[in-house]
Amino acid sequence: MEARARQGILGDDMKNEREQIVEMLKKAYFMELETVISYITNSVNLDGIRAREVAESLEKDVQEELGHAQQFANRIKELYGVVPGSEQFAAEQSYLQPPDQQTDLVHVIKGVIAAETGAIEHYNAIIEFTDERDPVTNDMVIAILADEEGHRRLFEGFLREVETV
Amino acid sequence: MEARARQGILGDDMKNEREQIVEMLKKAYFMELETVISYITNSVNLDGIRAREVAESLEKDVQEELGHAQQFANRIKELYGVVPGSEQFAAEQSYLQPPDQQTDLVHVIKGVIAAETGAIEHYNAIIEFTDERDPVTNDMVIAILADEEGHRRLFEGFLREVETV
Amino acid sequence: MEARARQGILGDDMKNEREQIVEMLKKAYFMELETVISYITNSVNLDGIRAREVAESLEKDVQEELGHAQQFANRIKELYGVVPGSEQFAAEQSYLQPPDQQTDLVHVIKGVIAAETGAIEHYNAIIEFTDERDPVTNDMVIAILADEEGHRRLFEGFLREVETV
Amino acid sequence: MEARARQGILGDDMKNEREQIVEMLKKAYFMELETVISYITNSVNLDGIRAREVAESLEKDVQEELGHAQQFANRIKELYGVVPGSEQFAAEQSYLQPPDQQTDLVHVIKGVIAAETGAIEHYNAIIEFTDERDPVTNDMVIAILADEEGHRRLFEGFLREVETV
Amino acid sequence: MEARARQGILGDDMKNEREQIVEMLKKAYFMELETVISYITNSVNLDGIRAREVAESLEKDVQEELGHAQQFANRIKELYGVVPGSEQFAAEQSYLQPPDQQTDLVHVIKGVIAAETGAIEHYNAIIEFTDERDPVTNDMVIAILADEEGHRRLFEGFLREVETV
Amino acid sequence: MEARARQGILGDDMKNEREQIVEMLKKAYFMELETVISYITNSVNLDGIRAREVAESLEKDVQEELGHAQQFANRIKELYGVVPGSEQFAAEQSYLQPPDQQTDLVHVIKGVIAAETGAIEHYNAIIEFTDERDPVTNDMVIAILADEEGHRRLFEGFLREVETV
Amino acid sequence: MEARARQGILGDDMKNEREQIVEMLKKAYFMELETVISYITNSVNLDGIRAREVAESLEKDVQEELGHAQQFANRIKELYGVVPGSEQFAAEQSYLQPPDQQTDLVHVIKGVIAAETGAIEHYNAIIEFTDERDPVTNDMVIAILADEEGHRRLFEGFLREVETV
Amino acid sequence: MEARARQGILGDDMKNEREQIVEMLKKAYFMELETVISYITNSVNLDGIRAREVAESLEKDVQEELGHAQQFANRIKELYGVVPGSEQFAAEQSYLQPPDQQTDLVHVIKGVIAAETGAIEHYNAIIEFTDERDPVTNDMVIAILADEEGHRRLFEGFLREVETV
Amino acid sequence: MEARARQGILGDDMKNEREQIVEMLKKAYFMELETVISYITNSVNLDGIRAREVAESLEKDVQEELGHAQQFANRIKELYGVVPGSEQFAAEQSYLQPPDQQTDLVHVIKGVIAAETGAIEHYNAIIEFTDERDPVTNDMVIAILADEEGHRRLFEGFLREVETV
Amino acid sequence: MEARARQGILGDDMKNEREQIVEMLKKAYFMELETVISYITNSVNLDGIRAREVAESLEKDVQEELGHAQQFANRIKELYGVVPGSEQFAAEQSYLQPPDQQTDLVHVIKGVIAAETGAIEHYNAIIEFTDERDPVTNDMVIAILADEEGHRRLFEGFLREVETV
Amino acid sequence: MEARARQGILGDDMKNEREQIVEMLKKAYFMELETVISYITNSVNLDGIRAREVAESLEKDVQEELGHAQQFANRIKELYGVVPGSEQFAAEQSYLQPPDQQTDLVHVIKGVIAAETGAIEHYNAIIEFTDERDPVTNDMVIAILADEEGHRRLFEGFLREVETV
Amino acid sequence: MEARARQGILGDDMKNEREQIVEMLKKAYFMELETVISYITNSVNLDGIRAREVAESLEKDVQEELGHAQQFANRIKELYGVVPGSEQFAAEQSYLQPPDQQTDLVHVIKGVIAAETGAIEHYNAIIEFTDERDPVTNDMVIAILADEEGHRRLFEGFLREVETV
């Protein structure tokens, strides 16, 4: 155990784990970037007064999610990985494409919940894998998870109201 | 002429031109978003002291280009268009994919010049088309063009030095 | 052409055009000032939660529109005109008088759209007239037009929702 | 009269009045503290988009009401009283306990109006009592009353809309 | 007395007084708005070096007077009144219309003194009426009166010099 | 293990643990709120020069502890709990009630140490319980624990001096 | 009554009262200026750790008291008085001259209490005199009185501790 | 037309026009730099109270004009020109040399008007030449022209007063 | 020489010189304090537009001169002197007492020049005395002298204009 | 387990572990302090343009590393340890002594990598030891480790380039 | 000696020395202004990555050197001199004219060193001359010399590297 | 004399003096760095309320002393010296090692006075040596000496009180 502590996740003995983490982080990197795109698109498209509240929430998140993407990129680099280029980006958030009616709030709210749920699952997996193996990545992803959990909860509250009315 | 001035590009008589402009802006929207991705990727990947200067320049541009994307999205909305979703995004900047060696500065510099050249060409086309038709879009794109011209010139200077040495 | 360029719109040869522009700017000056009054009045009068969003939007615009009025006043002065006094002010925004019910959002939203439409038409006329004749006024009014177009679009979105529900 | 002016409310001749004011301020102190608790609780519990507007209004008030509590505490001290401890706190805002449904806006809005009404009544009484007797307390409570009146008016407007729909 | 204190000016028993105050505040609201217009107009029109000092003073007051107008509007609302619309605005400051010569400082200085004198008289009346009846309005208007008294005194000093020379 | 990671503490399989955490957080929420009250009360009541240092330390903590309370409230919400209302508040800090002599520093210092000790014990329990179960709560409470440990240590130092002299 | 309200304290009919107020303000002006001098002198002279707390409190008050002096000067001017020159200054704070020992805290604390007591008495007299006569001066002096009362209370607390030990 | 739009003014086909623009910008560059020198010199030399107003106006412009010079330099660079060195600087503002009497305001005011007139003429020429050819330069120079027009108008107002008295 | 350098002006061997410097600093301390009083008095009393420029200059200096006074006080303390109390203050600026006419600018300008001249002479004497003896005081007073020289020069310029007209 | 949680690392039952942690923190404290010295020394000594980038990176780290040292010192205190004095400091970074040539970048870069590697190893050991034992120290050191890992990675990138060329 | 100290360099007895200093300051004034021009020119012209570091250093100095020029101008005025006009400007920095190749770093670095050396020599001469004669100018020029010495040293370091490679 | 002035302390003729100054600055550099260490150590270790005042004073000085160290390092560089590395650091402040009792204020206060006395002596020596030889170093060290003198005086005041009680 002593030996293991020496360089931690950056030690030669941890090469395999490190590469696995890098792969997980690459996926996270593109998830955040697609969220950036989806949130700009939807925050601008939405029409209506109630939509203002939702749109402003998304606009504010654009910067936050971009920050997450940059954190993932930097950690990939620190773990001796290579940040992937735009050609490896593949859209997956079918649920966040513009709806037919730009006043269709429910569509957007459900889309955000779906996106956040995907992120929460992937980040829980990273946290589980890095626990005891790579405390720095572990800590960083817990902080990001906290943001996503809070964000999903907010939109679940939105949904509850919208579906009631 | 009087009649035409009344509502300008937002008038019913300008519907066709408006839709053409919207199409041009959608393309511009995705160009800027891909640039955001490429600049994060490359600014993080680059190794080396001289690369620091380049990386910092790219990092700073990430915010600027994201701002451009948001301006394009807002203008699409104002012209009664719908901002496209992430599924319509298709990577085109083959020249900005990560190089084999993360110290390969020339690869990145040339990639940036190529990306900016593409933007300059497309924005000149928008400016020419909107001239006298849509002064607000025209003005907005001229301001963005100014940024891109300055940026390309900077990287041409970088290239000149790197190729000399 | 050489001759014409020398002093531009401030040259003696442009006296007639200059006076025409001054008249257009005087009208714009009072349009903005009435909008200042109407927006304070309506932002304060509106009752209700959804109205909050609208009222806050109007409050924020009060400063913006006041700024426009000051820009118009300054440009009148620069073109050797005299800014008119309060006795020449005549209210025209019949559609922005306080409604019977202070929760009547639709009334206010439609009033704002009407006010912005009036401004958009007048500013398009100024832009058309000053094009090639007075680039400084032209540029200034395009920037102001951009604000008004964005603002009307926002309220059209509000209207769409309110009328749907 | 001369004699009375000398030390004002802090003079020995005013001991009785001073002690009466201190008692009134103690009550006000706990009213504000309970409001702090109730507003945190309700601002967090509320679900929904429209609730966002209400929740944000409450969140912002938390700081304001805490400031009021601190002003009351300081004035108690200056009038030679002792600020009471937490054991003397007794909850009274039965109308601001969490509702059964966290989307029940009407419950919260009515609760806020009830709380503000209680405060307005108590502060009017302090103002009346301190008038001509203790101008510093008088002035301080008028300023706090202004906040509460404005706040209640806002929520009355909310209620009007919510009950209409 | 106890009874009266309960809700203060917002109580049902004070309805008549409240309506009288609202009428006084409406007049004050339009006085401040006309001052905003007159000060923009005159601050821009004035020519000359000494006029700079006067113009800058007026420019700075534009924001202050606008703030007063917004305070009056909000208080009207809180007292259950309706803020009047632009059609009820009627210019009264004949003494602040643009002079024949834009270097005629005396005309403007006298106009400002006349406008401030009108405000001081009206605000003294409101203060007298609200004293003991509505301490919140009373306090607010005293603070505004302080601004106007200071401002008039400054211009009286200007006049004294200008008339001496 | 894979299954467990998917939604983490927010997954259906974690309902029991989640509810246990919510109960622990409710207790923490009221502990922090009582501390807010006690610290305002004591910071204002204390007399004397040396007491200034202590009072200023408590004043500064008021904001910090209020922030903790808000963090606990938000986390309760995110874990699908309901933040409790003021009627469920029951004072427990008998050791922080105002002393007989307002210069009795030792009383206050010991009270603060007792309050912080209570918090440290409860937060250690939460940390132990959430470890591996709910990393977001775990991380949040560790950060709060750090504040409380530092704070208690400071007051232990105060006590040491005061008891020596 | 109507007649009286017209110009308030600035009306011709109030000349006598106005001159009395001016005399009271001149006295207040010099009281504040002497306090400025005494507080600089004593804040610098004091030696010792506990003295630090006192000295810092005095240093901070220097700016506050200077501000009071400027407020008094401006009000004298507004009431058509003439601010007196330095030759009319006569020191009265015998109790705030430097003590024999620069560690003699009690001397300084008692001196500050004496100075604040003098101010409190004089300001109470001004408040009583201006009540109903000159609301602007009245309001201004109440605000200044609040500062002085708070300040004396703080030093009374200091004295209590110092005399106990 | 398509072809022309591609690279705009930076295309090979625009080499001649580009070089002409560069020459015009070089001239503008030195005009602004000489203005920087003249304004420092004159703002410091002027004696007198009225001169204060003028001197402060010039001081503030020093930064503005320096900024213009830097904009011209950057644009020369972007258009593939070389910014000229100090040896190519030749003074031309004979009308802004220090007067015999340092209180001779008229001399300085006329000098500033002459300098601004020269700039206005040259910038109008650039605007005319770049119109439709180089929108980025066009836009930049219009913005600078706006500054110069406003500045000259201010000094014409100064002159009017000074010559009247 | 070695010996002398050891503790510099704070050494026992320098006691006589130190006490002489302290005396000079005490005089400077009161000069600055009287200037503070004179500048407040005169900046408020002056009437007129041109006077605005002078009054604003004096107002700004109030803070600067107060800062000088505090520097002198601190240095007295560091040199083991005692800062004198208000009873030792004796007014000397007969030339800065309020003039008969509050528009008498020449009186005030000459008074300021006289005050600054007195300061310049005294500070030159301190600089000469402390040279090579006490570099810290020397440096501090040179910096203060620079302020006073600049200030006098400005008012000499004012005088020149005022006497010419 | 319950028992253990009560006071955590601050409990009596954890005395041994606590003392072991204190020893590890003392070592860390001096490592950071030596790094502060080495980075100032090397950032100033380095000559050359490329060295600028390195020197600026070191300069910025000086503050960061000083902050780490202060965090370690505070934690030692909180764990009832005594922060060691300067006499116990012993230099260990032989690899960061000034090189023979002040342009020898490789020497400095390698030295920084060596220093960071030492820190990474020691901090990994602390993290391993405090895991489950002292979550506050654990969290604090993980955050510091993240800084050091990022910093080493940056300098590895520098080395890669420098060795290539 | 007494006599001499009275007015220092501003005394009548120092007229000759004062005029000599003024002449030295005029030369310094133009040296700084030419440096402003040269640094703008060269900072914009330079191409390349390494050049970025140099260009940024020059850009930052533009403001610093402009500030020096303004200090020299103000001091000339204070010493009763007249700041010279642009016609007396004669370029002397032949070594800072644009090189043939815009990537020729060595040319620019040597030019900067030459310019700074010239300034250092001239400022040493002023310091020597003003020593004991004019402490204010002396102090001001020492502070400016410090900037120039630091700047030259930086570029000597640049040169050392560039010549090595 | 002319010859000597040319390059001042940076001239070839001053090589010997320059090297002597560099040696003095190296010693000063390490004195400041040890003070940084000692002040962190002692500010953290001290227990007690009165100790708070002392500890806060030391904490604030940490940044100031670090700044001094960086100034010394930069000046060494400018004088063509090499800043020494950490291996040449030798602790000398035996009087600032942690005391046996962490509440032993007298020990720390005396230690600080001893450290400041050492600095004052060394800086007086540098000032004496650089006088007329190197004005830039001379000025820089006088400014640092001013800090140290003020700091020692403060702690002498602390000692006086502590020893009295």
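Per-chain numbering from 1; labels A, B, C, D, E, F, G, H, I, J, K and L assigned in written order.
By definition in this document, a residue touches a chain if its C-beta (ideal position, glycine included) is under 8 Å from a C-beta of that chain, and two chains touch if they have at least 3 such contacts.
Not measured: the values here are computed from a predicted model.
Asks: For chain K and chain L, which third chains touch each of them?
Replies: I, J
Asks: What is the graph distance from chain C to chain F, where chains are linked when they touch?
Replies: 2
Asks: Keeping to the contact definition above, tell me which chains border both chain C and chain L.
Replies: Both chain C and chain L are touched by no common chain, going by the contact rule given at the top.
Asks: Hey, which chain ends up farthest from chain D, C-alpha centres compared?
Replies: K
Asks: Give, as an integer number of Å, the spacing between the C-alpha centres of chain L and chain A.
Replies: Chain centroid spacing, chain A to chain L, equals 51 Å.
Asks: Using CA atom averages as chain centres, what separation in Å is found between chain J and chain K?
Replies: Their C-alpha centroids are separated by 42 Å.
Asks: Quick check: what residues of chain J touch more than one other chain, meaning two or more?
Replies: Answer for chain J, listing residues that touch two or more other chains: 50, 53, 74, 77, 102, 138-139.
Asks: According to the definition already given, which pairs of chains are in contact?
Replies: According to the stated criterion, the contacting chain pairs are A-B, A-C, A-D, A-F, A-J, B-C, B-H, B-J, B-K, C-D, C-E, C-H, D-E, D-F, D-G, E-G, E-H, E-I, F-G, F-J, F-L, G-I, G-L, H-I, H-K, I-K, I-L, J-K, J-L, K-L.
Asks: Taking the touch rule as given, give the residues of chain F at its contact with chain G in the complex, in rising order.
Replies: 46-53, 102-103
Asks: Show which residues of chain I lie in contact with chain K when the two form their complex.
Replies: Where chain I meets chain K, its residues are 117, 120-121, 124-125, 127-128, 131, 139, 142-143, 145-146, 149-150, 153.
Asks: Would you tell me which residues of chain D are touching chain C in their complex?
Replies: Result: residues 50, 53-54, 105, 156-158, 160-162, 164 of chain D touch chain C.
Asks: Within their complex, state which residues of chain F touch chain A.
Replies: 1-2, 4-8, 10, 74, 77-78, 132, 135-136, 138-140
Asks: Which part of chain G faces chain I closely enough to touch in the complex?
Replies: Per the stated touch rule, the residues are 33-34, 36-38, 40-41, 44-45, 62, 66, 69-70, 73-74, 76-77, 82-87, 89, 91, 93-94, 96-98, 102.
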